[in-house]
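Multiple structures follow.
Here chain A shows up in two complexes: once beside chain B, once beside chain C.
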Partner chain A sequence: MTPEIGHILLIVFLVLSFAGGFLPLTSVYLKNQTFEIPIKKLAFSLFLLIFLSFLSLVYSFLIDDFSVAYVSQNSNTNLPFYYKFAATWGAHEGSLLLWILAMNAWLISFMFLTKCSDKNFTNAVFSISCQVMFSFCLFTLLTSNPFERILPIPPLNGADLNPSLQDIAFTIHPPLLYFGYSGLMIPFAIAVAAMLFNVDTKEWAAYSRPWTLLSCSFLTLGIALGSWWAYYELGWGGWWFWDPVENAAFVPWLLSVALFHSLIASQSRSVFGKWSILLSIFAFATSLLGTFLVRSGILTSVHAFALDPERGVFILGILGFFVIGSLLIYSLKDFKKDEVKPYQLSSKEFGFLLNNLLLVILAVSILFGTIFPLIYEAATNGKQISVGAPYFEIILFPFALALGLLQGIALYLSWGVTSSFNFLQRLTLESVSLFGIILLVLFILFDNLYLSSFATIFLACWIVAGTLQVSKKRNLNYWNFLKKRLAVTFAHVGMAILVLGVGVVTSYSIEKELILTPGDEFEFGDQKITFQSIEDTLGPNYFSKSANIIFEDEKDISSVVTEKRTYTPSGQLTTEAGIVTEPFQDLYISMGDNLEADIWSFKVQIKPFIRWIWLGALLIAFGSMLAGFNRIQRS
Partner chain B sequence: MKKLIDILPLVIFVILIGVLFSFLSNKNNQLETVLIDDTFPKFSLSSLEDDSRLLTQLDISELPALINVWATWCIACRVEHPFLMKLKRESIIPIYGLNYKDNRRKALELLKRDGNPFEFSIFDFEGRLAIDLGVYGAPETFFIDRNGVIRERHVGIVDDKIWEEKFAKYLYE
Partner chain C sequence: MNPIRKQRLYALIAVLIGSLVATWLVVSALSENMNLFYSPTEIKDAKVDEVTLIRAGGMVKEDSIIKDTRTLNVTFTVTDYQNDLEINYEGILPDLFAENAGVVVRGNLKKDGTFKAIEVLAKHDENYMPPEVAKLINEDL
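Right, the complex of A and B next:
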């Protein structure tokens, strides 16, 4: 009965979101009060409907109701209960439900926290969001209904959740990412509403900023968690694979970063109004495009979802409707000229412009690299190629370098014109000294310096020095100065830490394939690796071969376990890497194949500074979240 | 001139949507497999009926043939079973079973009770051959032509409709 209730709630949601999608706008345009509806109450009821509908799916998972097709495909009686819970969003259908829930959560947060002076404007934002949610709900009901039953003979047991998703990081990675994606709906709705009602650039930019920042923060967290998960779960020791699905999240991230920077300028100086509108539209569009690429089956990826071209057409339809619609409004509208104070090349405005240009070119190149294999396949009648890491790394490097250099001086720039560039001397001095210190530390830690890492390490120092501005003469107390810009300090220093991590880990990592039998020892770097024993272990829904490994150096001994798991319901194999985490490096070992009776292959890696990548990302997410909340408080 | 720049984003986006749409209509809903147009992978596994009998790819001798991945734990396979029996009864094409991660005793009981449409079944307890074939799950069916080349695959239940749409054409080549 519960799945049916969930299904009905979803249908009611569909009807109400349809009403919410056009009634408030109609009442504004006809200037007729009869169509006016209490939008706050409606938003709240919509939230309740989708929340209860989602709960009923969760419930079906928890009680192992395998007559529900989606449950039987993604769960199993032996699955631990927390994974049953997480399996709710473990595949396409359920994740859509979560997505709608997230959009609704964003919408009510916006309506209750952002006070807009113009009622029509709020009505329009509400309506546009309702239209987006309506289309997602229609998509769910028509092509991906999670409540579909298998009757009359329900299976006795389910097929189990995809084993590589049975993991703690996985339980929170998708929700964070979906919150990030769906949050971009708000800036989109604001941008369109601003065009419809000729809202002042300064005004709508102020409304949009916190929500862009918060979505970006969620995207950062989602991407970072996904990367961490891939690192220890896929067993390759990599942290970024340029997989289409990763790119699909990275592109909207880049655009949302560009957007909130451009919004700063729009709010403070009325500049880049049209540009900010376009960015809002495209940030939202790329988040939908990512969904399309992943779920239509036209790209194959590690993250394959249930593939169904019919779904692809539908998502493309949604994408086309909203983006073409909004761009049509954009192209037809006569924008009134904002009063803009003039600015010069040395100004903060120009800094933001450059930042946006670099980020957007980067986003377009990555998007192109992701779609290019498709174009190639179509043009050559089915020959397949894959655009791999080399392409993306070549593209990324110069732009990241330019962005980093800009980031170092960005906080010194002033609106209109920067009167003096004297700070460059001090900035260089500070960053060079920091660079020296870090090289010294690296040399002490690893007895080696790699020229290839110098550029990225220096860049990290440059950004840190530019952000902290230790030597900048101020009457204010230095700590008060930092406290005033806490959010940006966290985010920019986070970026520096991330850059440092990437630089060091790409140059200093070492890896080796080993073939060992129990009792064997091997010298690797300054570590002595001992393959102590191998044993059979049994989990709730898997059995595994687990190898006990000991890492030993002069200072300490640590033992880890790496496993080859076979999940019983599906028969899938996964590798669990054994990782020893030290402050400055990870010792990473993953089990390979069983070559003969007791002979196993292993891949062992030492990954210096890899944790710093995620630490950096966490700081970025924290910084942008802080900035977002500050903005909400101020408005 | 200024208007032209305002229309540009729209134009670019419409082209992008058009391109993506054309990809979508090009792409049929078959699963990509590296093995299509490849010869059947080598294997050496015991027979379901007799665990001392070792089967290899050479035992799949009557061609063209279907390879059907099945198991007793697979409910959909039971739905598919009558259709396979029909193919057998009407001697349309020989079918070789790939018994996938199953219990030997239960599998034999099922064949005894419901009928055996297979020439023989390969007993793939660890799913080794299934991995080589890139099997997604049971049921799944592969078409092997008279030269031993995999020509088509289908994930899910094969019935009259699927047989006509996907497999029948290869039979009369």
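Right, the complex of A and C next:
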């Protein structure tokens, strides 16, 4: 019965969200009270419906109800219960439910935390959000129903959750990412509502800013966690692959970063009003486009969702409706002229303009590289190509460099005109000294300096120096000064740490593939590595060969296990890497093939500063979350 | 010039420079990093030199995987059920590499008609079929 209840709740959700999608707007436009509905109550009912519907799917997973097709495809009686729980969003159908749930959570938070001066404005945001949720719900029910039954004879056991998803990072990575994606619905709805009611730029930017910041924070966390998961779970030590599915998250991230920076200028100086509206639309659109690219299967990706062209067409329809609809409103609307104070080339406004320009062009170039194989295939009648990772690296580097240089001076700029650029001297001095210290540390740690890493390391120092501005306020007020800009300090220093991590790990990593039998020893970097023994182990739903490895240097000895697992329900092989984490480097070993009796191949890597990448991302997420909450309190 | 006009001019110049640089970067990066895909049949008449990176793929033939136990050299054959292609690779194969499974490799075509792979692409789902390979098989049916 439970799946049917979930299904019915979803249908009721569909009907109510449809009503919510147009009734409040109708009552505003007809100025007719009869259509007015209590939107807060409706929002709560919608939330309750989708939440219970989601719970009923969770319940089907927990009790191993394999008559539900989705459960039978993604679970198994031997799966530990916490993975059964997480398997709910292990594939397409369930993650859609989670997505709608997340959208609804954002909507409720917006309605209760952001007090808009005009009731009609809140009504419009509610209506537009309901339209988005309605279309997602319709999509779920028509093409991806998670409650579909296999009747009359249900399978005795399920096919199991994809083994590489049976992992702690996986249980939280998708929800965070979906919260990030779906959060962009709020700035979109606000932007459309702002056009409909001709709201002042300052006013709507203030409403939109916290929600953009929070979505961006969730996106950051989701992407960072995905990268960390790929690093240790896929077994080969890479942390970013420029896979379409990664780009699909990276592009909306870039646009959301651009958007909240542009909104700062919009709120403070009434500038970039129309630009911020367009950016809100496109940030939301790229989050939908990412879904389309990944779920329709038209791009080759490591993420293999059950692919279905029909779904692709449907998502494209949703995307087209909202983008064309909102752009139509944009082009037909007479925008009220905001009063704008002029700004000079040296102003903070122009700084934000450059920041947005660089971020948007970067996003467009990455998006172009991601979908270029499709364009090429269409233009050449089916010839297939792929765009390699170097393409994205060539594009990213100059833009990241320019953005970083700008980021270093950004916090010194003033609105209108920056009177003096004397700070450049101190900034250069500070960043050069920091650069020297870091090079010294790197030399002590690794006995080596690589020219190739100098640019990124210097960039990181430049950003840190420009953010902390130690010499600017050399008195007791310095802490007050920092406290006032705590959020931006966290986020920008986080970016510097990330840049430093990327720079060092790219230049200093070493790796080697080799063949060993138990008892073998070899030298690698400053480590002596011993393949001690190999044994058979048994897990709840897998059996494995585990190799015991010892890493030894002058200071410490650490032992790790790397495994080759065979998951019994599916017979799928996975590699579990053995990782020793030290403050400045990771020692990483993964098991390859069994070549003969006890002869195995291994891949061993030393990855300096790799953790700093995720530490930086965490700080960015923390900073933008802090800024988001501060903004909510102030409004 | 009035300040608002001047401000627009600055913005316009910035946008122009940014787009020009980006376009140039995109075009040059793309022309160097675009890897064409060839099926074993197409590769027979392909005019590809030994240094151009291309991709090839198909189904891994049964009993065609030969692993050297001293080095990490491995040889296998992929097929599109019309023609075969011999592939050489040095390194550890991904977990999902198996006989009768679809595979895509990246590397160079050698003069003797064999393929030297520098990368064997893996997907993390055993039911997954690279679209290029899926297309080859569907065309045959």
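The rule is simple: the second predicted complex is superposed on the first by the 631 of 635 C-alpha atoms of A that agree within 3 Å, B and C clash if a C-alpha of one lies under 4 Å from a C-alpha of the other, contacts with A are read in each partner's own complex, and residues count from 1 in each chain.
Keep this in mind: a contact is a pair of C-beta atoms (placed from the backbone, for glycine too) under 8 Å apart; a residue touches a chain by one contact, two chains touch by 3 or more.
Nothing here was measured: the structure is a model prediction, and the numbers come from that model.
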| item | value |
| --- | --- |
| Fit-or-clash call for chain B and chain C when the two complexes are aligned on chain A | clash |
| In the superposition, chain B vs chain C on chain A residues touched | C |
| Which of chain B and chain C A:Glu596 touches, first, second, both or neither | second |
| Chain B versus chain C as contact partner of A:Leu319, first or second or both or neither | first |
| First, second, both or neither for A:Ala285, with chain B first and chain C second | first |
| Which of chain B and chain C A:Leu9 touches, first, second, both or neither | neither |
| Partner chain(s) touched by A:Leu327 [first = chain B, second = chain C, both, neither] | first |
| Which superposed partner A:Ile39 touches (first chain B, second chain C, both, neither) | neither |
| First (chain B), second (chain C), both or neither touched by A:Leu374 | first |
| Common interface positions of chain A, toward chain B and toward chain C | 297-298, 300, 570-571 |
| For the chain A and chain B complex, residues of the former touching the latter | 153, 155-157, 159, 278, 281-282, 285, 292, 296-298, 300, 307-309, 312-313, 316, 319-320, 323-324, 327-328, 330-331, 333, 371, 374-375, 378, 570-571 |
| Parts of chain A lying in touch with chain C, wherever the complex brings them together | 162, 164, 234-235, 297-298, 300, 302-304, 340, 342-345, 350, 353-354, 357-358, 361-362, 364-365, 368-369, 372, 376, 382-391, 394-395, 398-399, 513-515, 564, 570-575, 592-593, 595-596, 599, 601, 603 |
| Residues of chain B touching chain A in the complex | 3, 6-7, 9-10, 13-14, 17, 19-24, 26-29, 31-32, 73, 75, 100-101, 127, 137 |
| Residues of chain C that touch chain A when the two form their complex | 3-4, 6-7, 10-11, 14-15, 18-19, 21-22, 25-26, 28-30, 32-37, 53, 55, 67-72, 91-93, 95-96, 104, 106, 122-128, 130-132, 135 |
